[in-house]
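The structures come next, written out as structure tokens.
Two complexes come next, and they have one chain in common, chain A, joined by chain B in the first and chain C in the second.
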Partner chain A sequence: MKITEADVRHVAGLARLTLGEAEIPRFIRELNSILDHMDMLSALDTQGLESTVHTGSITNSLRDDEARISQSREQAMANAPEFMNGVFVVPKVLE
Partner chain B sequence: MRDFEVVIGLEVHAQLRTQSKIFCSCSTVFGLEPNTNTCEVCLGMPGVLPVLNRAVVDCGIKLGLATGCSVEPVTVFARKNYFYPDLPKGYQITQYDHPLCSNGHLDIEVGGEKKRIGIVRIHMEEDAGKTIHDEDKPLSFIDFNRAGVPLLEIVSRPDLRSSSEAVEYLKVLRLLLMYLEICDGNMEEGSFRCDANVSVKPVGQQVLGIRTELKNMNSFRNVHKALDYEVRRQIELLAKGDTVVQETRLWNAALNESQPMRSKEESHDYRYFPEPDLVPVVVDEAWIDEIRATLPELPSDKRARFATTYGLPSYDTEVLTQSRALADFFEQCVEILDSPKDISNWIMTEVLHVLKVRGKGIGQLGLGPPEIAGLLALIREGTLSGTLAKEVFSEMVASGRDAHSIVSEKGLEQLSDKERIREAIEVVLNEHPKEVARYRGGKTQLLGFFVGQVMKATRGKANPNLTNTLIREMLDS
Partner chain C sequence: MLETARRYRRGETTPTREIEALLEKIRTDDHNAFITVNAEEALEQAARADRDLNEGNEDILLGVPIAIKDNICTRGLPTTCASRILSNFTPAYDATVVRGLRNRGAVIIGKTNLDEFAMGSTTTSSSIGPSRNPWDRTKTPGGSSGGSAAAVASRLCAGALGSDTGGSVRQPASFCGITGLKPTYGSVSRYGLVAFASSLDQVGPMGRSARDVSVLFDAIRGHDPRDSTSVQGTHSLLTLDGLDMHGIRVGVPKAFFAQGLSEDVEGAVNSAISVMRELGADIVPVDLTTLTYGVAVYYIIACAEASSNLARYDGVRYGLRSSDATELVELYSRTRAEGFNAEVKRRIMLGTYVLSAGYYEAYYLKASQVRTLMVQDFQQAFTRCDLIAGPTAPVTAFGLDEMLDDPLSIYLLDIYTIPASLAGLPAMSIPCGFDRGGLPIGLQLIAPSFREDVLLGAGIAFQDATTFHEVMP
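On to the complex of A and B.
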């Protein structure tokens, strides 16, 4: 078992996920099965192969540097829980 | 106490002067109403896709070439995952193990000694939004206008050994970015920001000490003070047998001290992985050559050329090349009037003084090279005295008019007519018989007094050299 209960709690914390106690054993099992699958891939000889960074075959999908009118502020704020005087309002965060 | 050696590495974030953001077409203009330069992409709405701005890659290649980096043939974006309200997607698109450029250098000079500082890498990434904390209520306010503005991150090797070297490196890098016209270099507005990794170790020790990361230094002065403070703090800790804690510290300019940033220990677990929404960028030789052809003369080359071509001293070449516009202004003046040192002197004193007082750049002087060269030509041909020239210059700056018309309108032409100067001297000598007698009795220091009186009588217009000679002639005869 590569993934321990502590790992699951840690990763859930990083992703801001609240897991119920009952869900933890399930994630330990599922994450370990993913890693087991990776182990199968690691067993293959990949000497001389370039690493795959993208599965698509195209490169250089670029646009020219032209500024266009952005969407309206009304649209920007439409989905925000709280918006005031042009800015998004969130619970206080401290650096 | 043992001697300590300081080890500093710098990470600079330079905001690029593109028209549009890195992954969407929103404008990058600074200072607009909050959240007006935003769209689905830079607000991180579900289902949108980023499209890379070609000009960002151009800027990165340009800086890479100017710093002797190798440009990677295939460059890839990565996701850096963390939660902060100014990062709408929950990750920043940046580069990780395939940066655009790597292994370059910048040359600096501190205390007359030249030093080469290594550059580990230059990569492209998006800026985050801006957070403002409410003073009273437990609220923060977010403006996403800056989210998605393109940045180049330039990472130095830990080659810097003092705060002075660090500041010099930053100055050289900033000037280079401005010469390349890829960043406006404005530190107060945050378009040129720097973080520092600082550690100290006993002299001779090979292993590096534990480092801290310093943030929030928005001027060269603050960088200097913050680094000195941090070095002193670490040395004091080590000297009394304590250890340095690896942490991020924020410089507080108001208190003149750094404080540890309050953050969760997990916050540096960024879980980078290749960005699936962007395809790799292949930079071929043709692209690199195309950018190389646009490279301007770099600051160090320009300085060297100003020294050899115009015979200017090192100080002059440094001042004149502090911006491309100023250097061009100087050269355009020299094209009109072949007196490089006179022009250099006038620019370094009078012109830069006016610009400093007004807080403006050479482009906003309101006078061009023909006007400055025209004024200096009047001094050189003897029409205008150096003293009156300053007066004329102030008038030119105020009105935007040329020197010639001001001089003739105010009748400021230097008086070089021997007969008329003699007449003025005659009057002065008659008014001061006692001084004349004392001069003739051997008190020749009084010559300056007579010159002053003649200048006063001619309202500063008399040619000073000629006046000197004539007074001496008349008194000695």
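On to the complex of A and C.
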């Protein structure tokens, strides 16, 4: 088995996901089953092969560095769960 | 769409009367195709279309009702991605594709259901529950653009936009008996399409016929300065004429007819290939031996990109915020735990794992190298043919109560749509028959990059010779 309980807890921490206790055995089972399938790739020799990270054009796309009208502060804040004095409010970060 | 436009020009109906009738039909409809119905604004847009029509505006899209998948941003209209985490999100802007449709006078009739964040192939993983297949309400419409497909098939709109990352336009089109196009990567702007896997996502048109899809594609494609991956330069010339199939080489990969393909689907796809031969096409065998690796490569790359893209949902700037958290990291983690359903969490976990220290080389890097082999495989195949034909999906729509518990067996059903996605190629599903239970079957056609003209032209030629797309549920 590739993925252990410790792995699931570690990855959930990296992904910022609080897991319920019932979710842990399910993730162990499902992720192992999916990764077993993915291991078929290890049979292929890919030594020295370029990776494909996109299939788009390879030219860089730049625009002129000019100020443009974008969203107003009110629009940007309109969907915020909590804001005050023009800033997003979050719980305390440092004690 | 063309039919609706014709009825307006013949004076058989008006945009306002058409939209009023559709809104009434949607109110009593039970396919669960829509998340949000845009009733008030649609009637305003229709009234404007009435006036423009009287003033002689000839635009085919004028007053034509289009449904939009709910992962495409619409100004002032909720865009939820069928997720609890965005259940209260209303964009301040239109996606470029939506703006394009509005500028042409199209009416945005509503926002359609999907698998949460477009992750899935059944439209069951939605915060509002599953959509239903118009051919049989006990079956899935496919997914993730299942709401758009069901809305088109049950005539709740004239056409729709979906999005396709690994088959999410083509597979529901196949299951619902409509036509759906996944354009070449970069031909349609992704600005305002909520990101799932950015190297694969494309907005795609869905309609009753290849001609309708062609009109819709022409309206949404083109360079957008707001999406640096949208290509500049000339695009292929689209016409509404069928392609003369004489001398067109249609490649048929043996790998597309492998184990797991249903007998009925195989039979219908083979008959469709015979139709193309009768229309003058040369049928040639081609190799696509890397096909078997597609599902593994796709789920590594798509989940890796998703885990990164979905990091933005943290309860700070928009969307759901957990009320239980007392410090910041807890706020992120609880918000995400409460806001995402099981499938999205699974993909975030998988994507985070394959990118994490110690596993990156074995999974993400390996998959992106095998992706190169798949791109090369297509390049090789297209030296021998102009189009590739095969099934869109190995099966027809299955029962909502037959849903497999094992996520891998669901993923494996994406086998035929994934390769074109990984290679960035345009691909289309068109109706080509029915199984013994009367459920639609889709033929998939794949073309070289930016040859949507060939793809759509062949689809139009096929539909001029067949009637599968005209059969109504």
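Here is the rule we use: the second predicted complex is superposed on the first by the 82 of 95 C-alpha atoms of A that agree within 3 Å, B and C clash if a C-alpha of one lies under 4 Å from a C-alpha of the other, contacts with A are read in each partner's own complex, and residues count from 1 in each chain.
Rule of thumb we're sticking to: a contact is a pair of C-beta atoms (placed from the backbone, for glycine too) under 8 Å apart; a residue touches a chain by one contact, two chains touch by 3 or more.
Just so we're clear, the structure is a prediction, and the values are computed from it rather than from any experiment.
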Query raised in the report: Taking the superposition as given, does A:D65 touch the first partner, chain B, the second, chain C, both, or neither?
Result: first
Query raised in the report: Of the two partner chains, chain B (first) and chain C (second), which one does A:A76 touch, if any: first, second, both, or neither?
Result: both
Report task. State whether A:V93 touches chain B only (first), chain C only (second), both chains, or neither. Result -> both
Requested in this report: Determine, for the superposed model, which of the two partners chain B and chain C contacts more residues of chain A.
Outcome: C
Query raised in the report: Touch check for A:H54: first (chain B), second (chain C), both, or neither?
Result: both
Requested in this report: Scan A:T18 for contacts with chain B and chain C and give back first, second, both or neither.
Outcome: second
Report task. List the residues of chain A that touch chain B in one complex and chain C in the other. Result -> 10, 14, 16, 53-56, 61, 63, 71, 76, 79, 88, 90-93
Query raised in the report: Any idea which chain A residues touch chain B in the complex?
Result: 10, 13-14, 16, 53-56, 58-68, 70-71, 73, 76-77, 79, 84, 86-95
Query raised in the report: Across the complex, what residues on chain C touch chain A?
Result: 88-90, 92-93, 185-186, 199, 225, 228-229, 231-232, 292-293, 295-297, 299-300, 307, 311, 314-321, 325-334, 336-337, 340, 345-346, 348-350, 352-353, 356, 362-363, 365-373, 375, 406-408, 411-412, 422-424, 449
Query raised in the report: Any idea which chain A residues touch chain C in the complex?
Result: 3, 7-8, 10-12, 14-20, 23, 27, 30-31, 33-35, 37-38, 40-42, 44, 46, 49-57, 61, 63, 71, 75-76, 78-82, 88, 90-93
Query raised in the report: In their shared complex, at which residues does chain B touch chain A?
Result: 18-20, 25-29, 33-40, 43, 45, 51-57, 74, 76, 81, 83-85, 98, 131-134, 137-144, 250, 261-263, 266, 269, 271, 274, 276, 278-282
